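You will see two complexes here that share subunit A, one where it goes with subunit B and one where it goes with subunit C.
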Partner chain A sequence: MNDSPMAPPPRRGLLRDLRHMLLFAGKRLVALLLTVLVGVYLTIVIANMGGQVDELRLVQIRSQAAEAVRADPAFQDLSSEERNELISRQVSLEVERLRLDQPFVVRSVDYLQRAMRLDLGRAEQMHSDRGSREVYDIIVERLPATLLLFGSANLLVFFVSVFAALFLSRRYGSTLDRSVIALAPTSAAPGWFYGIFLILLFAFVVPVLPAGGMVTAPPPEGRWDYAASVLRHMLLPLVAMFLSSIFISIYSWRTFFLIHSSEDYVEMARAKGLPSNLIERRYILRPTLSPIITSFLLMLIGLWSGAIILEQVFNWPGLGSLLFQAIGHRDTPVIIGGVVIFAYLLAVTVFLLDILYALLDPRVRIEGGRR
Partner chain B sequence: MGDAPLLRVDDLQLHYQTRQGVVHAVDGIDFELKRNEALVVLGESGCGKSSLAKALMRVLPRNVHHQGGRVHLGDTELTALSDERFRREVQWSRMALVMQASMNALNPVVKVGEQVAEPLRVLRRWPRRQALARAAEVFALVGISTDFMTRYPFELSGGMRQRAVLAMALVAEPELVILDEPTSALDVLTQASIMNALKRVKRELGTSFILITHDVATSSELADRVALMYAGQLVEVSDAERFFSDPAHPYSQMLMASVPKLRQRSRPQAIPGQPPSLFEPPAGCRFAARCPHRFAACSRDPRAIRLAERHRVRCWLHDDTQAGGGA
Partner chain C sequence: MIGARWREHWEELRRYPSALVGMAIIALLVGLSLYTVIAIPYSQALEKWRGGEPWQLHPVNAAPVWLDRLTGGREARTLIASSEDAEVEEVPFEGGRRLRIPLEVDYDYAGFPSELNLFLHAEGHPQRPFARLAWQTPDGREIALGGHRIGREDRISLSQDRALERRLGGLVPHVGLLADPEIEGEPQVLPGRYRLLLDAVVFDDTAGIDAELVLYGRVHGIAGTDHQRRDLSLALMWGTPVALAFGLLAAVGTTVTTLVIAAVGVWYRGWVDAVIQRLTEVNMILPLLPILVMVGTLYSTSIWLMLGVVVVLGIFSAGIKMYRAMLLPIREAPYIEAARAYGAGNLRIVMRYMIPRILPVLIPTFVTLIPTFVFLEASLAVLGLGDPVLPTWGKVLNDAQSQSALYNGYYYWVVSPAVLLMLTGLGFAMLGFALDRIFNPRLRSL
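Now for the complex of A and B:
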């Protein structure tokens, strides 16, 4: 039993881990695909109001056809019966083209198939700035603006708050710690609220920065000038978002680290006489890496949706205002397209998270595969 | 009998600051421990046993209000060392601690063997192979298969985790190991086998132990000496034989009477009343309020009275200058 003084060969453990990992990843992939399927289908049903939107469209098609026939001088001398017949023929053609004659349940499944294949179709009323009516083009055009602004703001908030929180958890109860806690309620106001004040201050009282938009009106020619202009435009919304979330974020991370630095194994590590930076790294950060990465990736997911009001306040051409407009226009393909892309990104992120969890936490890796 | 004690503790004090006031958790404790001796510190919950362990090991919470007294380990005055020197020269290499709730004392995301070897690698800068080989030796010593070295803590049962923590405490061959309630969360059979492992370690390595517990029956297995703690003070310190057969302090006598015995007619006797609050410990004898032999002298603090060689008791009944009932 105790004959081998060295540890058993490591390969066995590694193979075991690998097998568990693959099994685990496969299961998660299937589950996530199902989740996306259900999510997208629900969106299709809701965005079409369970088929109610079809009736609106039918009325719209009918009135458009009537309008077209009435306005066309070629049909001026037809009798009203003939004209009505013509209208109904055109309506039924259009209905057939859009397959509105089929029950909604059948079409929703058809819609689902295309959505899952990322075939997002054409918008009904909206179009991209370049004039394309492809939903895909409309969304992709807005994506970089959203990613740039929200990406830099959230990354900044995340890293600043995690490191500040680690620092404060070491100085629990100090004046600095107390003042950060006292400032936490400032996060009750949303980013756009700070935005309004910042615009007032820095665009009007002391006019040093632009009040809104993403670049100056005729975009600068040179690449560097363009970048500088974008940077100047994103400064105020960035600061607004940073201010509205930094203190609560530091506060919650600090509490998180404080809780985890009183775990029994951290106490034990202190009793073992390990140096404090090693304790921080191996006994506080390492076991809590999974929740830290979770919140990081969830923050990244949050990026994809933008922020409706902040984008309006700063006149920022992002995804948040796009979805808002699409809902206003009842442009179902755009709404569904946005949700489909969001659902896929969410699923990919969650899948990545699962894998990372398993890599980081042996409890997930081994027990998860066993189940 | 002239050999110097391994551990000498004089007037050790540890008070905590809380919202309700200052807690006198350890309030003037003296004792000595020889090499290869096992001292059992007995006491009810909340009497300051764990604080004693923490004070000795310098694993203190943030709200320490006052710390006092002297601790000598061999020739080193521990209380005179800076935190940094204490950490580098004493902690774990000369004195190790197995904490209460050691169920959760292992890092959940690091393999058990690595954790056991860690003190050697970090504190003594041993190479990984050598440290792991040494860890395997201690695993065998405390009775776990070395297969478990590559497992994670959650894959081990409670008893095995306890042994792994014990292995971790022994890995650097310290002179003294402090065990704080090492078996209280385990079933009787596991308790017994861990006590046997401790006895084997004591015999083979010559380690000294301080075993802190409320479990009179289990601790009697290992004890050479017994110290009984009450409300932050030691009320009796004596040889184990003597303590278990003929305790001198009224609290010791009542405690022994409260231990249930298997299949006997005698009912265990509870001690009426509550231990005093540690916020404002009463002047005089702290046990007086619950003591059936209370008399006039008890309103003054009893000093430690020497009954025999290495037998002290904190009770006026045993002081000849007091005309008491006498023992």
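Now for the complex of A and C:
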């Protein structure tokens, strides 16, 4: 609580802050890794309860062994019986190597470390656009599209809502304020829901925007044309996400700011006659920054999962629609890989925001995260 | 005394118009679901929604009637002419009879029907009867529709008769047969009485032929039909109790367990609290929807399993942190100390002293949570992971999506379930927001 305006000696302070920050980041990283570990382990357990993963790996091993034997010219002149025996011997060897004959508890640890290393195995039927069958490649190919759409939508919603809320909290009780509050319940519907209506309106009734996809087919040649095409395709999903979350977040920020602007120190600043934008910046926004960041994090987490259906509705080639296709193909490795990647993304989000939090909250910086 | 407090809250609630609107919507939905559950029993609804036989007299992808009438259209409804109402002419001969069955319809819609089918049932014939069909128009023309041997259960799809289509000058039979030949260009309906004359020869003295001529309409009922001829109103009506039950159960399941666990953590402190906190953090990292997707793919898509997973994953939700913050000061309150002094057990303190204290704050959260789960169910169904047998709003949306309803212009198919979903969302959210302002002491002064 020694948040005194007296700045500590600059160089020593900076070094100390840096050390504390690193310590804090390290601690959080370890804690998060542990949480991801537990989370992924739970995923594996859920996915394995039906014995699906094991069966799947057995099938994989069998087909690999069969392929290897058939492709090897050295075994060409074996009779089919001998060849089958060879295959089954190789399968049992491989089963032993992968310890598939061992109890699940032992093996789950093996799955876990492979999943943690992002060694997600091979897809059953799907492949990436470049033709790779590795789940990792398939997922990585789709990731940028998801990041582009959801990153921009989240940032847009966040900044617009915080500033709109600041604006409204100043005009508390006005018609504009009341109408925004009245609109807040519309956020009960998720983005994909608005998406359906937007597609209906702007792609079919008044056909001005594309109904789905990410670029026109065939993709435009020039870099700028390509970007423009992506932008045009992004507009509707962006608006859908924006519409579905903007009013509720303006509402909650407005309430938040209203509560904070009635704090004693703000009243004091007002009594001193400080200009209102200074009050806003230094007395309302600054102390409330950490909770703002926290809720931004929670919103991000919420939107990650909402992404799946929105992408599906707009046919956006991201992780969500990948997962959807994987459901269609019953491609278990891809589904499990998707869950693992989602878990990692969430963990990375949490970590980044932890660091931000630490940068903003002097208590963390100065005391080194002893909470 | 408690009654007085609730009455006070009610008085306060009545001052919010949004709360009243919200409650009206909820009452409407509850009423609709009660009516549905009583009018169409569960098993019957499932049986019918499976499709097939019960729907064969319904048109494919017909729009709601009111929609057409509202826009001033006079599109066709389904017309059925049955041999039961027709005057059958019988002429017996050696070894059989000759039956002349006229099937008559008065057609005065502006639009053409969407399909033309003739259903024939001929039971108990030693030899298959033979029938010749002729179409008589109001202006006295007669168009031969060819002859058929009639099986026990026969369906003659006149609309798919390519030879007939060629004879009608390239017009699909259900258009060509009803078109006015005087008008050039775009075909127009010639209104009046049409007759399908079924001239059959049967080789039995008693057994007859039942015939049903169906002119499928382009509009049907209050909700229209889908690609499998199913009446959408069944799914829309049954979707209401399903959505409400799912939302309510999930909301109750998650909030109550979360609250109890938060209270237990706060009360026992130490490692119990630490474990709960860590579990919450793990749970924050587990993505709910992908896990539901995974469970749906690997196990089953039964709505009750989904509900279970939602509740289990919702137990250690971020709400625990919020409740914890609220419960911490309560733990130190004097009345808890008093309870301990008289020897109340741990469980009693948690359940009877701590939890009731923050229940009022919970009510608004609870109400606003319901639509979230209603939409979650719909989301899963849109992804194709809806309950395999239950008709729900989400499944209607999913069907519409997979049949490209928007692209084909069947807007009603998407809009009606969407409007119901939105109505549910708005109803609960409006009530929840008003409750929030009443029960949340920090907001009350604003």
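In the analysis below, the second predicted complex is superposed on the first by the 240 of 371 C-alpha atoms of A that agree within 3 Å, B and C clash if a C-alpha of one lies under 4 Å from a C-alpha of the other, contacts with A are read in each partner's own complex, and residues count from 1 in each chain.
Definition applied: a residue touches a chain if its C-beta (ideal position, glycine included) is under 8 Å from a C-beta of that chain, and two chains touch if they have at least 3 such contacts.
As the structure is a prediction and not an experimental result, all values here were calculated from the model.
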> Is A:73 in contact with subunit B, with subunit C, with both, or with neither (first, second, both, neither)?
Replying inline: neither
>> Between subunit B and subunit C, whom does A:335 touch in the aligned arrangement: first, second, both, or neither?
In response: second
> Among the partners subunit B and subunit C, which is in contact with a greater number of residues of subunit A?
Replying inline: C
>> In the overlaid three-chain picture, which partner chain does A:258 touch, first (subunit B) or second (subunit C), both, or neither?
In response: second
> Of the two partner chains, subunit B (first) and subunit C (second), which one does A:131 touch, if any: first, second, both, or neither?
Replying inline: neither
> For subunit A, which residues lie in the overlap of the subunit B contacts and the subunit C contacts?
Replying inline: 172
>> If we count contacts the way the header does, which residues on subunit A are in touch with subunit C in the complex?
In response: 31-32, 35-36, 38-39, 42-43, 46-47, 49-50, 52, 172, 181-182, 184-190, 192-193, 196-197, 199-200, 203-204, 211, 251, 255, 258-259, 262, 298, 301, 304-306, 308-309, 312-313, 323-324, 326-328, 330, 332, 335-336, 338-339, 342-343, 346-347, 350
> For subunit C, which residues are in contact with subunit A within the complex?
Replying inline: 18, 22, 278, 281-291, 293-299, 318, 368, 371-372, 375, 378-379, 382-385, 397, 401, 406-407, 409, 411, 414-415, 418, 421-422, 425-426, 428-430, 432-433, 442-443, 445-446
> Any idea which subunit A residues touch subunit B in the complex?
Replying inline: 1-2, 4-8, 10, 13, 172-173, 263-265, 267-275, 278, 282-283, 286-287, 360-363, 366-367
>> With touch defined as at the start, can you tell me which subunit B residues reach subunit A in the complex?
In response: 57, 59, 62, 87-88, 90-93, 96-97, 99, 101-110, 113, 118-119, 122-123, 129, 132-133, 136-137, 139-140, 145-147, 149-150, 152, 154-155, 165, 168
